[in-house]
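What follows is chain A paired twice: with chain B in the first complex and chain C in the second.
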Partner chain A sequence: MFSESDITALLLTLKLAGISTLVLILFGTPLAWWLAKSAWRFKFLLEALLALPLVLPPTVLGFYLLVAFSPQSSIGHAFESIVGQPLAFSFTGLVVGSVIYSLPFVIQPLQNAFIAVGRRPLEVAATLRASPSDRFFSVVVPLAKPGFLSAAVLGFAHTLGEFGVVLMIGGNIPGETQVASIAIYEHVESMQLASAHWLSAALLLISFCLLVLVYAANPKARVLRL
Partner chain B sequence: MSLELKLKLAHGNFELDIDQVFASQGVTAIYGPSGSGKTSVLRAIAGLDKSASGLIKFNNRIWQNGSEFIATHQRALAYVFQEPSLFEHMSVRANVEYGFNRVPPKQRIISSDEAIQALGICGLLDRDTQTLSGGEKQRVAIARALCSSPDLLLMDEPLSALDKRSKTEILPMLVALRDKLSMPIIYVSHSLNEVARLADHLVLMEQGRVIASGDIQSMLTQLDLSLAKDVDAESLVDAIVVAHDEQFELTYLDSSVGRFSVLRRPLAVGEKVRLLIAARDVSITRQQQQDTSILNIFPAIIEQIESVGTAQVTVRLKANNLPILARLTRKSAALMNLAVGDSVYLQAKSVAIL
Partner chain C sequence: MRQTITYLIAYLLAQFSYSDVFAAQVRVAVASNFASTAEVLVAKYAQLSGDQIVLLVGSTGKHTAQIQYGLPVDVFLSADSEMPNLLEDKGLVVDGSRQTYALGRLALWSKDPQRVDPNGEVLTASAFKRLAIANPKTAPYGRAARQVLSNLAIQPKLIYGESVAQAFQFAHSGGAEIALLALSQVINFQQGSYWLVPSELHSPIEQQLVLLNDVPAAHDFIKFLLSEQALSIIELHGYTRPAATGYTRPDQLEND
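Take a look at the complex of A and B:
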């Protein structure tokens, strides 16, 4: 059924998707909040930049990331001198790539949810002595819960299905960068179709169960309806 | 306690420019047509509109002055919006307790039970906010505001979005709150009736400016102001319940105008009430009528006569120094040859009690 390396690849995929989702929510929330609230006149430039991963071929994104990760670039050099290992072809590099690649899938539902909350509930909370952070956690987060759920599911699922970017910046190192989608590709390349079947079915099942769980828990919420 | 405002604000074509000291007690109504800037003033006081510049000083504490700006949550106020704006993700009880939980126990002046009782929302506490009617929602919103124990309560047309039944239900609750609470209330409204029933002081606004301000009795009866020109123009008399007539089922009330007789009401002797007399329900006679069905007849002196439209006049009478308005046809005034300084009798056909 599953070889040991297949299970490693599956677990690595889930780990990558989990960590990336966590990072995406942590960084995406303040960014989406700012986008929803700011009246900066050049905001559209940033919005266009953040939406780029939606339209760019993953190989293009992967190529530029690879360039940025190389020890010759300032980013790659700085990372290597601090952490002691290169960013390219590492799990950390994959997380960075996934976060950038899936950012629009997290930002957009959050931004829409924040806009939908509107100004009034925040004004009411302010007149009832709630500080800005108190208002965010007691009013915005619960009201934007469907948005958070959409963002997390989309971020997770999108990372689960990542292929091109990983291929460019991660390569195919078992236990480090060999995620399920890459392992499937390799199985097909080497004519191990049965193994490819099993791994594909596993990804399909995981993705489907995840979505079923979310839709079942939020029958009325606008999850994943983009 | 006092609230001092010197505010300027511009939104497109609209300009607000006011310099006003608000009364430290009771209800001050900000009254004026829509678009006159009433809500802008209220939002600025609350710190919800940061584009207003100038000075806001409450109880010797500067809330805003030049670049100094105290954030809304640090101002000891509460705000009731025109729409109830309940937190939909919380139960009714959690809504009511939201502000209460954020006030340090020592600063609490109202318990949530008191507020719940005053607004009659005991039976709603475990309901989902979405299942409440408009009137119920607004009662919860008012209780929620009170529970934050504000030093100043701001209300922005809290009844205007409600149906008539809810209005008549909530207004007496607000009157009771006014008499019970020590905090000043600023009440924005464009309903003359609400203002007359509730307010102690009135600030009249038009096109971003304060046209006039003063105590409610004199403001209602100033013939040069829009209030006395309104179809619903009315006069206000403070009275006290003196006796009930068992035989005729009447209640007698004493005021500085004289003794009023009204249909018996379940009021305690000694209770203070407010009487409202619509200008159109007041008629004038030269002699004291003997053969009339009207009970409430008082001597008065004509102080001022002003035309309203083309067919009517409003007469401002002084009955023992209290101003009362009478709305007559221009023809009646001419036939009776009414003139300023004449001694006459006023007859009030109906009197509303609050």
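Take a look at the complex of A and C:
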């Protein structure tokens, strides 16, 4: 049914999606907050830039990342001299790639949720002497909960389904960069169709269960209704 | 909430500083067509050596590109001689390490056990609608397949797979009735019928290896690959053994 390497690939996929989602929520929240509140004239430029992964072919993004991550480039070289291990063809490289690739899927629901909260609750909280961070964590976060949920689920699911970027920058290293989608491709290439079926079914089931959980827990929330 | 975030950040930092370094691990980039043979060889090698061999399966073209961008592999088992040659020209391989480990053979295959006759007359008589081959631009077996067709002076209707693996899928799914494939793909496949294409009909498909990292464990594995024991396994999987093992001069390898 599942070979040892298939299970490794599945666990690695979940780990990649989980870590990428955490990073995305941590960095995406302040960014989305700023985008929702800022009145900067050229904000549209940044918004267009952040939405690019929605429309770019993954191979384009993957190719640029491949070039940027290589030890010959300044980014790849700087990373290697600071961290001590190369960025290209590493798990860390995949996390960086996934974060960029899934960024719009996290930013946009958060930004919309923050805009929907509006000024009023914050002003009320301020008159009750809530500090700025208290206002954010005690007022905005609970009110924007559906937005956080959408952002996390979309970020996770989108990373789970990643293929093109990983194909370019992963290198198919078992246990480090061989995620489930790549393992499926390899099984099909080598005519191991039974293994490909099992692994595909596993991904399908995981994705479906994830979405069922979210919809069941929030029957009225605007999750995944973009 | 803030405490949770602190924990998350700590967890992330722990993830990023994580690295798995094994004692003697050899990473081998292997061409898709040789992957199943390589798995058998690795299983055999595990009985002889404690070193761990990790296989990275992929197309030779992709591997060649990725090696130039720093793919961390010690040995590269290519599907042709051209890509190792290119890496050698760029100074990315250990001097003198390039050598042929197997000669590929072509086979005409059909899923139908009666379709392909022992003399391959189905091909010469053009008694079929569509023939699947690998893309001659990127796949060495596709190039060889095209040479066979021009040597037989036939111009059948072709469908091109991205690789021999895809050409196999076309023939397996019925998209093409017959396909010119690598013998290694069909020799141990329990279905269908095949004809071994005479090697005079195409230039030799020399599958070469190169050493990329001068480490003892990688040397040991290459030595094993070229040993009598390994070569007989390679032969069982549908390859011809190279004429002589050892360093081959580049001018003897031009085949295109």
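Note that in this section the second predicted complex is superposed on the first by the 226 of 226 C-alpha atoms of A that agree within 3 Å, B and C clash if a C-alpha of one lies under 4 Å from a C-alpha of the other, contacts with A are read in each partner's own complex, and residues count from 1 in each chain.
The criterion applied here is as follows: a residue touches a chain if its C-beta (ideal position, glycine included) is under 8 Å from a C-beta of that chain, and two chains touch if they have at least 3 such contacts.
These numbers come from a predicted model, not from an experiment.
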Simultaneous placement of chain C and chain B on chain A, clash or fit: fit
Partner chain(s) touched by A:E176 [first = chain B, second = chain C, both, neither]: second
Spatial angle chain C-chain A-chain B, Cα centroids [nearest 10 degrees]: 170
Partner chain(s) touched by A:F105 [first = chain B, second = chain C, both, neither]: neither
First (chain B), second (chain C), both or neither touched by A:I19: second
Partner chain(s) touched by A:F148 [first = chain B, second = chain C, both, neither]: neither
Contacts of A:F69 with chain B and chain C, given as first, second, both or neither: second
Which of chain B and chain C A:P121 touches, first, second, both or neither: first
Partner chain(s) touched by A:V83 [first = chain B, second = chain C, both, neither]: second
Which partner, chain B or chain C, touches more chain A residues: C
Chain B versus chain C as contact partner of A:F156, first or second or both or neither: neither
Overlay on shared chain A, then closest C-alpha pair between chain B and chain C (Å): 17
Overlap of the chain B and chain C footprints on chain A, listed as residue numbers: none
Contact set on chain A toward chain B in their complex: 120-121, 123-132, 134-135, 138-139, 142-143, 145
Residue ranges of chain B in contact with chain A within the complex: 46-48, 71-73, 77-79, 81, 83, 85, 87-90, 98-99, 102-103, 144-145, 148, 154
Chain C to chain A touching residues, read off their complex: 1-2, 5, 8-9, 11-12, 15-16, 18-20, 27, 32, 35-36, 54-58, 66, 68-72, 163, 165-166, 168-169, 172, 185, 189
Chain C-touching residues of chain A, taken from the complex the two chains share: 19, 22-23, 26, 66-67, 69-72, 76, 83, 85-86, 88-89, 91-92, 95, 137, 141, 171-176, 186, 188-191
